[in-house]
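Following are the structures in question.
In what comes next, chain A is part of two complexes: it sits with chain B in the first one and with chain C in the second one.
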Partner chain A sequence: MTIAGTKSGAGSVGPLRKSSGIKGRPGLVGWLMASPLVLVLVLFLVMPIIMIGTVSFWRATEFSIIPAFDFENYSFLFGSPVTYSVFLNTLKYALITWAVTLTLGYTVAYFLAFHVRSLTWQIVLFLLCTIPFWTSNIIRMISWIPFLGRNGIANSALLSWGVIDEPLDWLLFSDFSVILAFVHLYTLFMVVPIFNTMMRIDKSLIEAARDGGANGLQILWNVIIPLTKPGIMIGTIFVVTLVMGDFVTVRIMSGSQSANVGRLISNDIALLQYPSAAATAVVLLCSVLIVIGIFLRFVDIRKEL
Partner chain B sequence: MAGPSTLELISLTKRYGTSLAVTSINHKFRSGSYACLLGPSGCGKSTTLRMIAGHEAVTSGSILLAGSDISHLPPAKRGTAMMFQNYALFPHLSVLDNVAFSLKMKGVDKPTRHRRAGELLELVDMSKFGARLPAQLSGGQQQRIALARALITQPQVLLLDEPLSALDPFLRIRMRTELKKLQRELGITFIHVTHGQDEALALADEIVVMNNAVIEQAGPAREVFNAPRTKFVAQFMGGHNVIDLANGPVAVRSDEVSLTDVGTGVLPAVVTAIEYQGAHVALMARAHGAQDITAMIPEATFFSAPKEIGQPVGLTWPADRQHALAG
Partner chain C sequence: MTGTTQRLNRRSVLKGAAATATLAGASTLGAPMIWAQNIKNVTLRQFGTGVSNLNDVGNKVKEDLGFTLEMTALDSDSVTQRAATQPNSFDIADIEYWICKKVWPTGNLQAMDVSRIDLFDKIVPIFTTGKLTPESTVAQGTAPSTVGFVEGPDGTSFATEPTNWMTLIPTIYNADTLGIRPDLIGRPINNWSELLNPEFKGKASLLDISSIGIMDMAMVCESMGEITYGDKGNMTRSEIDQTLAIFTEAKKAGQFRAFWKSFDESVNLMASGEVVIQSMWSPAITAVRSKGIPCVYQPLEEGYRSWGGGIGLSKSLSGLELDAAYEYINWYLSGWVGGYLMRQGYYSAVPETSKGFMTPNEWGFWFEGKPATADILNPQGVVMETAGAVRDGGSFYDRMGAVACWNAVMDENQYMVRKWNEFIAA
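Showing the complex of A and B:
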């Protein structure tokens, strides 16, 4: 298809070449066509990263920032035990949230794709999943607080049912509440790509598997999961990057009792320690890229893009 | 007398809501025969096949294989195997693993199932391609793999859902020769769904013509072609003229129709078109009541007394070559 496309394209451009100046240089046309996107990416992606990289080598005192090139920020970062525990905590959040959103998201997507037969119901239920996204993240997080608090709905319900004798402390301002909020916020990012790959599975493959004697679980394990791997991977990338870069959720839901890398950076910024914040950001960026790099070693997602 | 792969349908019915896809059909497929379910799209032939395979629930009636009722068994327990229209090969598995799939589901260990799969690849002449992925094969090659995958379960009945429709015409003819050869070697029953009458005539020991959810006619290929029972069968099988005579409609093969002088034949007509087709000349003529009749005249016969468009002619055929039609 590509070959046919280029051939016919070249054929139609050919006769115009003599008359038109700009079309005389196909290289230039290509650059011009790519330039808006290049410009946007350079301005909003490449430049900021270069800036962060540069600033991470600067020096800062309590009241000033001095352009320089030294590794003071990095050596401080890697020399402090706090960094390691915070990075570890961030990875822990990412890992648990990933496992929970994957299980939930896969189940929801599987139900939508294989158990809901009519397209209308698929669309209706799918839209239902997106309703929470009509409000802001912060509001969705804060609305957990009256529910989970010491005298909140969850505790009073459990007390009145006699399940517990005294209020549970770990419901709010704990790792539990942080992960609960993450799962609430990001499960949809898992559902959408997995649902998308599931819908592309030819239904006759499932029949062929059944014809070969596979039961429901065997079909799931031998046919559906291998074929939805790219969707799982895309969802994983969404969830992992979102959780690793987050700082608001952790602050609100842990009641400022837990830290992740995002909070480390936001604290530095609050103290006007930009070089230190930049260095932490660079390290975070690298670790996220490494994590994604490892994922991509396992699954080829190119055919999904 | 039920052979090991005699398949019998007993008032088999499929209903979707209020519409009937298959209306109470009865048929017995002889053990070891090559049968074709033939009919236009939407006639219920695919639904019938899918009910036999177990991919469609039976509304009422039953399916007997070698005398025992299989209509409520899961697909893999029936002794049937299905080859799907688009082959439905697992895109993430190698050719060898595709063929070995059902053995893997049974829990057969890897060396054994790969050896068995290798034998089947040998059978369909695809041994060299075991390590490839389905996407790296041509349509004809994919079909052979699908065939090997279906046969590894050692079915008594192989069900083929329009197996040749995805191939180009040249390959189609080659593959149908191979299908027939394979069926003869294996000695199992093949039930092949198709909408191409030439395919059915070339392959089938027995043709089952379906239309509007019922079987119109079933019988050996020659019988169905030469003695169509209904107007629909005569028209669908092709090569026939359906002519309304005073005592009801009859079918006459177009190569039995010959020309005579005006007024002496069975039917007077006017030539409307002439087509040279190589061995034959197809002459279209219009008789009274706006009936179009085609006569396939051997080329030499036609050119010994050529006709012009608009010329009145007499059409005639041997009286014993016309078949009264049921409707």
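Showing the complex of A and C:
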């Protein structure tokens, strides 16, 4: 959109006064070029959100949904202690998953970008990272269950090595297993954008830093990390929004014992409580936007890209 | 040339057959004259829970009745949702009785004319008068007899006793209890309260479907002597609060390993040994046993939590489709499906017709609770029980006669669901 704007702006400088019609109005070309995207976004993003917002004020009985303007859904939501504990739990999952995927993802990307010298190997190893994504994420998630179970591979291995005397129950159906699954599912979303920004770093900057006497850590901290901020931020947005919006991973990996916001919404939908689900969705949307807004205070993606 | 003559011949024969069939149909069913020619073009769309939505049934319908029955299997939440909100998406709804109580007031289903149901008089009285034997009492909860009839073809409120207008034709029902791993427990289990026994800390499970889970909870609380309910199927707010308080405390103390929502989850929890005692459904027990793992559907002193399903007709059905639907219902009760379902451990609405489709050994084992005289096979031909085995819980009358409560939907359903969410989040 920015490109379209500049182009038409630049083009209009010269022949502006001579020509008439479409070319004569610089704004119009830009608008026309942007309009297909605007149309798609309005139809498939803005409209549904407005719809959800509207429905969140409606009332529902067991079977009928009554159009109304009523704050009942919100007052119930904000009046219930469950809401707070569930939102807190959701944030907790997001935060821990973010910290772990960032550490892992950054390390992997760093290795790929700076330690693997040949482009061929970089591509080969990068593709290797994506192989797990060839299967569905439900399957990747469920395959942890027999591995982590009380009589699972992990426990029987630990028992036979003599590390533990009795099976560890917290390996499965716990916060641990939920976060493990999240990390497994979403680390790649960190690797890709960070790797991408790392590849675009001018190697001469690193050489210059080394010539200037910086050691490896200083180069990482003062050169590479600042330059990869946009990648970190994009990865962060992916991971945080995916984790906060999830409902199925938490259900399966916690054995239905923990809840997050997504599960509240899916429970409501299952019981035909669309207005209350919509209200929860609106609150979730706002909180995700706030979280991302906070992140964006640290990095101006538009400037950095 | 010869080919043409042959075809002409065959066609005229077919025509004759059709005419006869039409006559026969007209005389016995009062069906319209177009019946025989058009019946094969009819497609009925049935949806329901996986238990009775079996492709084998669809195939048999095609074979016996000639028309097509399309099956869609969904979980019970989605079934309710669809029956309540998309009346034009189905012709036949295969739903549970408690779903019927929720869905009937929407007016998406039409009442059935009892006089068009040949075997109505043979239907097990649980579904008509509510009393299995004249001495029995109607159990708590949404007993099928309480939502089985309406006053007239357009009635929206349920009748208190049998009328000429039936809401659902019962298809399948059973009595549920707790499943246990006798090898890992090693002592007799006789009461629902054992679910919260600290002995099984971290090894118990419960199903995460609020409307059914709350019933199992109530059976447990009542068995513990903590709460006495007016009606477990229709609790008051304070009863709901007390019940969930007891279970929240147990959950926080680590009593439960997991909660399950789908059938296979319950099988895996039990088979892997993660759980030794949990709420379970009959075919899940069979599935665990067929892996060679001991598992018992334990009869308990307090009785069973029972459920039943039936087929209802969409409001939009009329004309030939409606006739086909009645034909289907009459066929359903005539025995083949009953035999098929009873061999899986369920009961059918008219057991005596099912008997003709089962071997005496099967009938004795599944219905009469007698020791098997030979191997009992499942519908796929795999051995489920060997000679000498006895069904957990015994005979039909032992099991269905000990029903303490039917799956239900409460007046305080919304409140209960919110409390249930709190329990899961706690």
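One rule holds for everything that comes next: the second predicted complex is superposed on the first by the 269 of 305 C-alpha atoms of A that agree within 3 Å, B and C clash if a C-alpha of one lies under 4 Å from a C-alpha of the other, contacts with A are read in each partner's own complex, and residues count from 1 in each chain.
Keep in mind that, in the parts below, contacts are C-beta pairs under 8 Å (C-beta built on N, C-alpha and C of every residue); 3 or more make two chains touch, one makes a residue touch a chain.
A quick note: this is a predicted structure, and the numbers were derived from the prediction, not measured.
Student: Please tell me, clash or fit, for chain B and chain C sharing chain A in the overlay.
Tutor: fit
Student: Contact-wise, after the overlay, does A:Ser204 reach chain B, chain C, both or neither (first, second, both, neither)?
Tutor: So A:Ser204 only meets chain B here.
Student: Could you say whether A:Phe69 touches chain B, chain C, both of them, or neither, answering first, second, both or neither?
Tutor: neither
Student: Classify the contacts of A:Phe173 with the two partner chains as first (chain B alone), second (chain C alone), both, or neither.
Tutor: In the superposed model, A:Phe173 contacts chain C only, not chain B.
Student: With the two structures laid over each other on chain A, which partner does A:Ile145 touch: chain B (first), chain C (second), both, or neither?
Tutor: In the superposition, A:Ile145 touches chain C alone.
Student: Applying the touch criterion given at the start, work out whether A:Ala214 contacts chain B, chain C, both or neither, answering first, second, both or neither.
Tutor: After superposing on A, A:Ala214 lies in contact with chain B but is clear of chain C.
Student: Could you tell me if A:Phe298 is touching chain B, chain C, both of them or neither one (first, second, both, neither)?
Tutor: neither
Student: Name the contact category of A:Phe44: first (chain B only), second (chain C only), both, or neither.
Tutor: So A:Phe44 meets neither chain B nor chain C here.
Student: Quick check on the superposed pair: does A:Pro226 touch chain B, chain C, both, or neither? Answer first, second, both or neither.
Tutor: first
Student: See if chain A has more residues touched by chain B or by chain C, and give me that chain.
Tutor: Comparing chain B with chain C, the partner touching more chain A residues is C.
Student: What is the contact status of A:Trp134 with respect to chain B (first) and chain C (second): first, second, both, or neither?
Tutor: Touch partners of A:Trp134: none, neither chain B nor chain C.
Student: Once both structures are aligned on chain A, how many angstrom separate the closest C-alpha atoms of chain B and chain C?
Tutor: 46
Student: Which positions of chain A touch chain C when the two form their complex?
Tutor: Residues 62-64, 76, 80-82, 85-86, 89, 145-146, 149-152, 169, 172-173, 251, 254-259, 263-264, 267, 270-273.
Student: What residues on chain A touch chain B, complex-wise?
Tutor: Those in contact with chain B are residues 202, 204-205, 207-215, 218, 222-223, 226-227.
Student: Can you name the residues of chain B that touch chain A in the complex?
Tutor: Residues 53-55, 74-77, 81-82, 84-86, 88-92, 101-102, 104-106, 149-150, 153 of chain B touch chain A in their complex.
Student: Which residues, counting only chain C, touch chain A once they are in their complex?
Tutor: For chain C paired with chain A, touching residues are 77-78, 80-81, 84-85, 102-103, 105-106, 202, 205, 208, 210, 251, 256-261, 268, 272-274, 413-414, 417-418, 421-422, 424-426.
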